[in-house]
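Chain naming follows the written order as A, B, C and D, and within any one chain the residues start at number 1.
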Amino acid sequence: MQAQSASGTAPVLSLRGITKTFPGVRALNAVQLDLYPGQVTALIGENGAGKSTIVKILTGIYQPDEGTIAVDGQEIRFPTAQAAGAAGVTAIHQETVLFDELTVAENIFIGHAPRGRFGLIDTARMVEEARHLLASIGADLDANIRLRDLGIAAKHLVAIARALSIDARVVIMDEPTAALSHKEIHELYDLVEKLKAQGKAILFISHKFDEIFRIADRFTVFRDGQFVAEGPMGGVQEADLVQMMVGRAVDQIYPKRPAEIGAPVLTVAGYCHPTEFDDIGFTLHRGEILGFYGLIGAGRSEVMQALFGITRPSKGACKVEGEVRVIRSTAEAVEAGIVYVPEDRGRQGAVKGLPIFQNVTLPSLGRTSRHGFLRLAEEFALTREYTRRLDLRAASLDQDVGLLSGGNQQKVVIAKWLATRPRVIILDEPTKGIDIGSKAAVHDFMSELAAQGLAVIMVSSEIPEVLGMADRVIVMREGRIAAEFVGETMTPENLVRAAVGIEEAA
Amino acid sequence: MLSSLLKSREAVLAFAILVLVALIALRFPAFVAPSNLAAVFTDTSPLIILALGQMAVILTKCIDLSVAANLALCGMVAAMLNGMGVPLPAILLAVIVLGAALGAVNGLLVWTLNIPSIVVTLGTMTIFRGIIFLLTDGKWINAHQMSAGFKAFPRAAFLGLPVMAWIALAVVGCFALFIARTPLGRALFAVGGNPHAAVYTGIHIGKTQFAAFVISGALAGLTGYLWVARYAVAYVDIAGGFELDVVAACVIGGIAIAGGAGSVAGAVMGALFLGIIKNALPVVGISPFWQLAISGSTILIAIAVNARSQGKKGRIILKQAEHRA
Amino acid sequence: EPMRIALVVKALGIGFFEAANKGAEEAAKELGDVEIIYTGPTDTTAEGQIEVINSLIAQKVDAIAVSANDTDALVPTLKKAMERGITVISWDSGVAKDGRLMHLNPSSSALIGNTIVKLAADHLPEGGDVAILSATTTSTNQNTWIEEAKKVLPNYPGINIVATVYGDDLADKSYRETQGLLQTYPNLKAIIAPTSVGIVAAAQAVEDAGKVGSVNVTGLGLPSEMAGHVKSGASQSFAIWNPIDLGYSATMIAYHLAKGDAKAEPGAEISMGRMGNVKLDDNNEGAMADPFTYDASNIDQFSSIF
Amino acid sequence: MTAASQPTPRHIPDRLKSRLSRTLKSWEALLLVVAAAIFVANALASPYFLDPWNLSDASFNFTEKALIAFAMAMLIIAGEIDLSVAAIIALASTVMGSAMVAGAPVWALVGLGIGTGLACGAFNGLLVAGFGLPSIVVTIGTMSLFRGISYIVLGDGAFTGYPPEFGWFGQGYVWWVFSFELALFAVMAVVFGVLLHRTNFGRLVYVIGNNATAARFSGVRVDRVRFILFLLTGVMSGVASVCLTSRLGSTRPSIATGFELEAVTMVVLGGVSILGGSGSIPGVVIAALVMGLVTFGLGLLNVPGIVMSIIVGGLLIGVIALPRLWAMMRK
């Protein structure tokens, strides 16, 4: 039986019963998805709902454990990325999948460059077509420039051009606007309209509801790897979608507890960096959760890493509990009581390949050891204490951290820092890519930390999270502090305006 | 424009080579006579050819320490085939195929079993040389055991240059075309530069690395014949330790050891730089005992210079910085 | 059971030593109850030789005859061998006095030094610039011969040694060093290479540079390897002792010393079978025979033998 | 009741598998079986093998390389490599030789040898940890540089005539058949085993090898650890240089040629991942014994060295390939 849309056309692409399991996580559990020609289907779901996983299955990067893919009703398999391209499926992936050492044109056409004599790549034609594609998406870029000389937004445009370089019937966009500026976002909307008019089926993944209501014709909702619902956008309300996505009332996810805001702990003044940020200054108090909001690439992580001693500011001063601290290395930051839970968990957070307890005790080895010699019993005791507090789920404490789910890895990283008894904890996108249960746990814990008098900085790109958790919000844009909001003024509109630049949003 | 030209690795290297040649010419003017420069180039041909093969491998984040052993084995087989009266074209074909096959052994182990290339080639390096010993019982094949045609081919002059130099030039040309204009050539950069993204674009990492080893092997095979014919001798230890020269040439030429970055011009100039030093030392009258220390210092300086010119670029979040850059 | 004599060479696979092994086998056959163990490292290092000698000591061989890669580095190990009752002699390339009972020079060093200069001078009636292409910087025998050659230089007026370079007994390195010589010294008249690897490479380089006739390559080489270059004219003549005889003589000496029917002491005479007797000097060293000169007139006769 | 609304966190056991079962399945156990098999095969193949003095002599085949391999193992576990170790031996030996000629006493020679190793290690460490250059190319460069300096100093000459007392380090015996080198090997095996497996420093080595970025993000002074590791490797090369120079009784610039690759082979054979992050000292100790037994056993049969190196090369690829092949076939 074939699904029929309201308008009566048959789907170009149709997935049934797709299941995908990773070690420790069932990313997708018998989900379905239909895409119709000339229509935009929004795929909605919380972080970790399995959206990107389905994109990877559709583009031949992952093979599903179970389930079928059908194009025009014909069952088909995508063993490689090229097979998916040949079947007319193309995607703009969430991560940048580009090559720094190749030129823009080469990036766009790698894998399917136009061939000339002797089967060699026809460079002239390739550059010509690349220019054409870039122009069609309104990107003002030199096709011959090396990618490493471009900024992140420009790179994203290249990724879009690359996706369009395949003459596709199905175009998938996984959070395409996350890294774009306001103007570029509007150009992208125009592009989507153009593709629709050409009869292409579009799968649009986004966390931004205004965007979804603006361009989507249909929606499909996933929750924790399960299919929840699908239907036309007409008539559906934002609240309904949220209810489907989250499966419970939103306030449960943001269990902000009142905490007494005390004396200043951290004072930052005039932090500058030649290329990353400029004139950053703020004060953080005991018991406070200070939110840092901004678009991806606004430079929040860079500021936090400067506070943590990873990068060095060219100017500026930092005081911890009134005492001036010069932080030149992470070791000095930890000594000063500043710790940082990084955004890139896989690379910067957990040391995969080593057991949980060794991760947890890493910055506290000085306390668990004697005269530089390890004492395993002490290490296990410390680990047990902190992992219990975070309700870690693991088979044993000497299990490899790499085998844990994302949320539990995050807990290990947090436990590692709590064990050092810090004064300031910086959480950079603390719930990015972790499942909804863990997310609530992390929020709950963040509240508890603040209540216990710890000063918390939370960097987040999710407005509900910022609004739900923070006492005060600083918005950054292009490496500078754009605005600060407290209490009443903390509204989604204000945050977005400040983040994209007020004059543009007007 | 000019400043960006000065910043490019190739320009720095070309400049360094010019300075080097000028310094030598100051002490020994005959060094820059065209005929002598041609001789230096001819002498450096094996290094250039091998450096290109090594470049292909290094681009994919691997390393081939077995090139010199592969060269020696193919060279020995060439000499043995010659002894059996096999005609030269057939020998050439045979050594290239054999070299490619030896490279394929490396490549297969790296691709299918995912063994780190340094371990694989450390092992095959001794195994290939061992095979020569088993083939020959350790005996040398000397000039008088080789046919005249076999020895004459690489040194036959054509338009003022020996065939050996022409072969090197042809290999450079083909390789440059291969790197710039074929999907596989581009894939080498992709696999080394961003393996994760390569998968997204349908490029198979293992197969690409395999191909790089085959190319490196084939070039080593070709060089094996050239070497043996040129020096008119074949034995177990020919080109012993040459793999380090080859890697050094790549490093000096700015091929990033972490993969994904480098240029044909860089590799060729890296090889030429080493070749010129090697040839000039005896000429300039510097004791041969200084040679090792000089090439070591050169490598260190080259790494430092490359690291500086590649120096971490800011991500340019600040708009004003973007304008300045 | 037969007496086991180990013939330890600088490295396996070198034609010269393969020929010496033939001689050793010949001696073994002649003596009847002797087994030859022909062995050596893969490349010419002292460390490699020490490993080989250690395993020979372990096998309790009766005698070790070694051509050393390093005069001094082998001494401690060879001393240990002698302590365990093994007869140790060196031949071709010697070890220091403490490390062996006696050393058999292929010929007297002075004679070789003189011969290599004479070979060059014979074809340079007017004198001229001459360069030396040696093996490795650590080769004992080459270093001694070059020293001796320099001593007799005043006897050859007009012959002027302008440089000594090292090809490390590697064909390609020797080739390159020769090229360097040809360029640096445009007036070079002869190259003396007292090593079988170097002389071949030098002759090849001279041919490739088109300098046959103006630069004469001479020194010590094997007739089989040099035949082509003598014919091409790159080498007018060269000398060598017979490596077969050398291996034969070393084996004979080792046998007699191990048997106990001869003693290695200054002035002693030890039998070398068909090669006659060797007389030991104050250093317990002896010379086998005079080097023999090969040129176009006799090369064909010998090139098929060794 | 609060207990109902807030369920007590699950208990997580410290360890699942017992130590014994893990040990039995380990790489070291496999290697030990290989070593035992080679030992038995050797004993059967040659009547000279089971002789304490012969075995003691054979130990010289690997002790110096193993001393370097211990430090190299830590360096490789931390994700770095040092190819200049053999060149450091040459340079340290040259420095000792020069001092000997100048009349320095034995203790000063030893001090200078180890000190030179330390200085060379510091130079490598500075370039790698200080300037962030890749260690493989840096040490390919310093490998030429260090040995090159020896060539400049010595040329075609040699330093000989070390005082007899100096010979003890490479030729002396501590007790019965136990040479000083063998004793040093045993002591260093324990020292490095404790350092890597029982101290904070050792822990950091593993952490850095698994994920240097995360280590830095955890407050580890990554570059300091790397620097110390290069120092350690330099010092051990210096120690090896003292032993080797003493054993040979002479210094030439070509001393210890090729030792770096043998040390790396030993480390990799010992189960240390060349990509960093895993491996153990016991593994390296057993690998040293395996390599020593193979070369000595084949030496007793008068197998040429190059055939031994084929076997070692094959062993290297084989022991790494077999488990992977096995895993592939089971899939």
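Heads up, the rule we're going with is that a contact is a pair of C-beta atoms (placed from the backbone, for glycine too) under 8 Å apart; a residue touches a chain by one contact, two chains touch by 3 or more.
Computed from a predicted structure; not experimentally measured.
Asker: Once the contact rule is applied, which chains count as partners of both subunit C and subunit D?
Answerer: Chains in contact with subunit C as well as subunit D: B.
Asker: Please state which pair of chains has more C-beta contact pairs than any other pair.
Answerer: After counting contacts between each pair of chains, the winner is B-D.
Asker: Which chain's centre, taken as the mean of its Cα atoms, is farthest from the centre of subunit A?
Answerer: C
Asker: From the C-alpha centre of subunit A to that of subunit C, how far is it in Å?
Answerer: Taking the average C-alpha coordinate of subunit A and of subunit C, the gap between them is 74 Å.
Asker: So, what's the distance in Å between the C-alpha centres of subunit C and subunit B?
Answerer: Those two chain centres are 36 Å apart.
Asker: Where the centres are mean C-alpha positions, what is the separation of subunit A from subunit D, in Å?
Answerer: About 44 Å, centre to centre.
Asker: How far is the middle of subunit B from the middle of subunit D, if each middle is the mean of its Cα atoms, in Å?
Answerer: Here the centre of subunit D sits 30 Å away from the centre of subunit B.
Asker: Of all residues in subunit B, which are in touch with two or more distinct other chains?
Answerer: Residue numbers touching two or more other chains: 133, 138, 236, 289.
Asker: If you look at subunit D, which of its residues touch at least two other chains?
Answerer: Residues 155-156, 253, 304, 306, 309 of subunit D each touch two or more of the other chains.
Asker: Looking at the whole structure, which two-chain pairs count as touching?
Answerer: A-B, A-D, B-C, B-D, C-D
Asker: Enumerate the contact residues on subunit C facing subunit B in the complex.
Answerer: Listed in rising order, the residues of subunit C that touch subunit B are 11-15, 18, 42-43, 137, 165-166, 170-172, 175-177, 179-181, 183-184, 186, 197, 200-201, 204, 208, 224-229, 303.
Asker: Quick check: in the complex, which residue numbers of subunit A touch subunit B?
Answerer: 59-61, 80-83, 85, 93, 95-102, 106, 110-111, 113, 119-121, 123, 148, 151-152, 273-278, 297-299, 302, 478-480
Asker: What residues of subunit D sit close enough to touch subunit C in their complex?
Answerer: 46, 48-49, 51, 54, 57-58, 60-61, 155-158, 160, 167, 170-171, 244, 247-250, 252-258, 295-296, 299-300, 302, 304-306, 309
Asker: Mind pulling up the subunit C residues that touch subunit D in the complex?
Answerer: Spelled out, the residues of subunit C in touch with subunit D are 12, 37, 39-43, 45-48, 50-52, 54-55, 57-60, 70-73, 75-76, 80, 96, 136-138, 143, 166.
Asker: Please output the residues of subunit A touching subunit D within their complex, sorted ascending.
Answerer: Its residues touching subunit D are 308, 310, 329-331, 333-334, 339-340, 342, 347-354, 357-358, 362-363, 365-366, 369, 372-374, 380, 384, 387-389, 391-399, 416, 420.
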